[in-house]
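Here chain A shows up in two complexes: once beside chain B, once beside chain C.
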Partner chain A sequence: MSDAALSVKNLTTSFYINGEWHPAVRNLSFDLARDETLAIVGESGSGKSVTVMSIMRLLAETGSRIEGEVMLDGNVLTGDADEMQRLRGDRMAMIFQEPMTALNPVLQVGFQVAEPLMQHRGMPKAEAMAEAVRLLEQVGIPSAKSRALEYPHQFSGGMRQRVMIAMALACEPTVLFADEPTTALDVTIQAQVLGLLEDLRHQKGMGLLLITHSMGVVAAIADRVAVMYAGAIVETGPVDKIFAQPIHPYTEGLLKSIPRPDRDASEIYSIPGSVPALDKMPKGCRFAPRCPLSTERCLNDDPSLEMVTDGHSAACWVRAGGAS
Partner chain B sequence: MSILSSATVTMTRAFRRNIPSGLGIILFVTLCLLALLAPIIAPYDPIEQSILSRMKPPSGEHLFGTDTFGRDMFTRALYGARVSLTVGVVSVLLGMTIGSVLGVVAGYYGRWVDPLIMRAMDVLLSFPTLITGIIIVALLGPSLTNVIIAITFTLIPKFARIARAPTLAVKERAYVEACRAMGFSDIRIIVFHIIPNILTEVLVMASLWTANAIMIEAGFAFLGLGVRAPTPTWGGMIREGFEHIFQAPWMSIFPGLCILLAVLSLNLIGDGLRDALDPRLKQAKDMG
Partner chain C sequence: MSILTVTNLVKHFHTRVGAFGGKPVTIRAVDGVSFHVDAGEAFGVVGESGCGKSTVGRAVLHLIEPDEGMIELDGTDLADLRPSEMRALRPRMQMIFQDPYSSLNPKQTIGAALSEPIRVHGKASGDAVMQKVKTLLEEVGLPAAAADRYPHEFSGGQRQRIAIARALTLDPDLIVADEAVSALDVSIQAQVLKLMKELMERRGVAFLFISHDLGVVRTFCKRLAVMYLGRVVESGPVGTVFDKPLHPYTHSLRAASPIPDPSARKALARLSGEIPSAASPPSGCHFHTRCPYATELCRTQTPKTVEPVSGRTVACHLHDPDQTDAMLATKQNAIQELFFYD
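And then the complex of A and B:
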């Protein structure tokens, strides 16, 4: 798939802990097409954020090691620091979880939206500021012209997240990473921001990589889903198939743990235990110790992703064969 | 523009509810104006001697009295303000600029840059201020420029330390991480995102150290290391009057008072800035 906006092959990111390298992300491969939303879902510690940080090369260089191949717009990224700096904010951009702290409190909002244009396009300040106003309008900020001169503390959380989106879209990136973009927002605002992200993705033909632990967010805007557990994708497929016929027991667990109005709180399913620490990974299937279906084989051998139906794969000995 | 505006916001906030620091500003601005307008205001020539009116006590004719050469002390105090304030402001501006840049660079880049710069600063700091000044003036010779250089050197390590500490905190903030994620260059991050956020801390110290610099200059002048006679300086005037302190106390008292007023005004400004920044602005910043 050379027309993919982003193509990741065998990405492995390891951290150096107590004298040993431990992979936080293992052999991860996925493609993200233009005008497509891929959601990476998983619990805390499953490696979702590390994946994005690895692609953007934002991890501290000491104590981390990144292997594998990343292709952006059909070009292989060498990982060279200068090249990455040029691409970040220009060809790929990121929206953070906390719009409260991700904006500089002492700079005008318009200036902050204009900055990527000045940095990457070499635009003069006046021109960039005018463009920033246009961008703020585009993300639905009313009276953008005067709001552009205000400071972040004069904006509400939802408005700030819109500002972050305007900033990220300033240079019209090929790929937009959104790391839990709605987690810090009021529920009533979440839908608005998600709707905005989807609209803009469609308008600009971007690839949107959405990181979330909320199945609700996934259902709302994702085209495809990749479920991550302990650093690897355990199931991936189109969103409707994942919801209708989950294969992997972990995906099943995630879906069952969504609260519903017709069930009591005590009936909400929760997956027992938590994601194992990096230096204490089990040797077989990493989910086996928490899995209700685990067999002898699961505890000893690691399954790989196997296609079950068209475009729908899972890594499970019991449900998907998982022969490597 | 944004740096200046944030500093202005800070300043305004600092003084809105603080009467002593407001007085400090008025006093300091008055002193600056008097120094600036010395040639217009001064009733006499600062250097011209007059044997007939030697060591006259303060009167309507000579507001601050006259010195051993019959020169009008008020005129000399006005002209002396020019030297003192120039030295104070210029050396602090230089020391602040160079020192802060070194401190921010050390704090931002860390790794080997940080110990390299900060150990060099420690070496500079290990000399007492006066000794550093004496060495530099002794090497370069006494003149206005060299006094400024000497004082600048003693201020650089202090500003480096003051700038480095908040840099370490600010560079870990989410918005600096966001800047990296947006591919901003280190220079852009430092200039637009780190410096405006540490500027307040640095400015508070700048106002206090301007007072210090004025006192150091007076000390140099008193020791004969400063600007050459007959150019009037406050420290130099105190020394000239020192020999006649019992016969003509006004010769030392008035320049001493001038130093007191200048130092007091700057300390009031500094205190006001610090108070205003301490709880309220920090809170506003964190919420913002």
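And then the complex of A and C:
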């Protein structure tokens, strides 16, 4: 376990709503190896972004509570503010969906890429700026030297996302978190950015934790997948297994619902109902009210994640035993 | 029988860019677009941001005045109409937007939002109005009691159902749906698509379905037009266009669209470069700056739209019989990716 780049054990994040604590992420455990891409996939409200925000400690301290253990590079994180300040942008970095709001509009992009080097490595400004140009070249920004002196509004969406990636990679982090990094981009630009992320992950040997709602993006670059529903991982395994032999009825339904550009759909399949609100979670299996296979037991008891075949687990009473 | 015919539609926007008033710039949003939508059919318009697909949708509804070209709804040229005649025709075409939260008035109950068009256009009066509203809500899968509630009480998927119900209040022949399911989660998206397909079949309403998502278009539409920088580069039946693309741009778009199947994983297609600005589109074929097969001819001359087989059109010199000699060498390379009918 200690050779994992990132190891999360029993992570539970709760929010205080109307006088009660409600867990948005429940008992989440996973490992991420170096040079591996793990995709966390789920719909809105599944808790995928909260998971990453909890690991990075980016949630407001009032009204939220984080429990569990996070290990980075074999060291347990205490979650102490100074420690996190040292680690963020250095050993762990993050890129977001909307690069325009994540970049500072009044600073030159070169300076923004150089900043983590000055902050974490104590590099003098001139040296850091030269390094920033090299990083911008690496992420495929043409005429990087002159563009480093420009401002975010002078860049297109795809180019801004490249700047974000350059900034995140400046200190060669062990783990890169990418929260919907291509959702705001056009498909031809999305393909460029996904290709770039994959190349860089491999080159630098980092762990890439990709948060996405798109099964198409997952199929294109993930090695392993964790499917989240209503705050918990309901299925996890190697990418080919998840797509070819999904175990959990939610994964199966999700895969059947995806409109595909490569084949005609005889009829449109949809999962009935919607994800329950945080303060209105059903007891038992949280997917049971929408599940075609649900039994009496599913409505009363919550199944735990059980290994079905090598490295492929699911939390389902019907399909995976789910003895807790 | 076509319900909508668009011929050579042009819409340019004039604006200024830069400090102190700036210099005048013309954005050629739509630059000569033609297509038709059959009655009761779903016709897709796909393309990336800035290709002009939304402008086409708005011009069709005369929400913006087109500069040139003809838009005919069921044989009536919209440009000829007096304002009063235009108002009388409006109920026959309606629109659904991407974000149902900003298109619904937060201070208005759902019942009020749905009954307003019914009253204004005199489709019903008195108690019959609320009765019609309740029937419509049930038709889109919502409880009749939703009429007394406000938009914020509904989820995104439910709000989009409300927007659909509102578009149906006047029993239109054509609905322009601009990215109508793009903001929804996959499982909700499938529910809404299913609903729209049922409505299309039951009511015989036609859809001009604008989307960037090739999967959604393939699921919902029968035919489509692919746009790039203000022009239609290819059109035809959805399945054949995606499986046997004629235009290099369609091929790139299709190759870049993620397929939910890891066994089909290949090196991600990387169409080089970015979409040029519609303020200064490249000369000749707009796509030549990113096209792997571009020749000197493509850089200088705009390709004309040809119909190599009935029902399919393409605007590319590679498919133009008059340019066979000029494009011969390039065609040999293109044959692995593109489909040729001759």
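Methods note: the second predicted complex is superposed on the first by the 318 of 324 C-alpha atoms of A that agree within 3 Å, B and C clash if a C-alpha of one lies under 4 Å from a C-alpha of the other, contacts with A are read in each partner's own complex, and residues count from 1 in each chain.
Please note the rule applied: contacts are C-beta pairs under 8 Å (C-beta built on N, C-alpha and C of every residue); 3 or more make two chains touch, one makes a residue touch a chain.
Owing to the predicted nature of the structure, the values given are computational and were not obtained by experimental measurement.
When both complexes are superposed on chain A, chain B and chain C sit side by side without a clash.
Shared-chain residue A:268: touches chain C; no touch with chain B.
In the overlay built on the shared chain, the residue A:307 is in contact with neither chain B nor chain C.
The superposition of the two structures on chain A yields an angle of 80 degrees at the Cα centre of chain A, opening toward chain B and chain C, reported in steps of 10. Greater residue coverage of chain A by touch, when chain B is weighed against chain C, goes to C.
In the superposition on chain A, contact of A:81 is made with neither chain B nor chain C. Using the contact criterion defined above for the overlaid structures, shared-chain residue A:44 touches chain C, although it does not reach chain B.
Of the two partner chains, chain B is the only one that A:90 touches; chain C does not reach it. After overlaying the two complexes on the shared chain, residue contacts for A:254 are found with chain C alone; chain B is out of touch. Once the two complexes are overlaid on the shared chain, A:188 sits against chain C while remaining clear of chain B. Shortest separation of chain B and chain C in the overlay equals 5 Å (C-alpha atoms, whole Å).
Interface of chain A with chain B (complex): residues 56, 58, 84-90, 93-94, 96, 98, 101-108, 111, 115-116, 119-120, 151-153, 164, 167-168. Note for the complex: chain C touches chain A at residues 48-49, 155-157, 185-191, 193-194, 197, 212-220, 239, 242-243, 252-265, 267-271, 274-275. Residue ranges on chain B touching chain A, taken from their complex, read 2, 6, 173-175, 177-178, 180-185, 188, 192-193, 196-197, 284-285, 287-288. Within the complex formed with chain C, the chain A residues making contact are 43-44, 156, 158-159, 186-192, 194-195, 198, 213-222, 239-240, 243-244, 253-255, 257-265, 268-272, 274-275.
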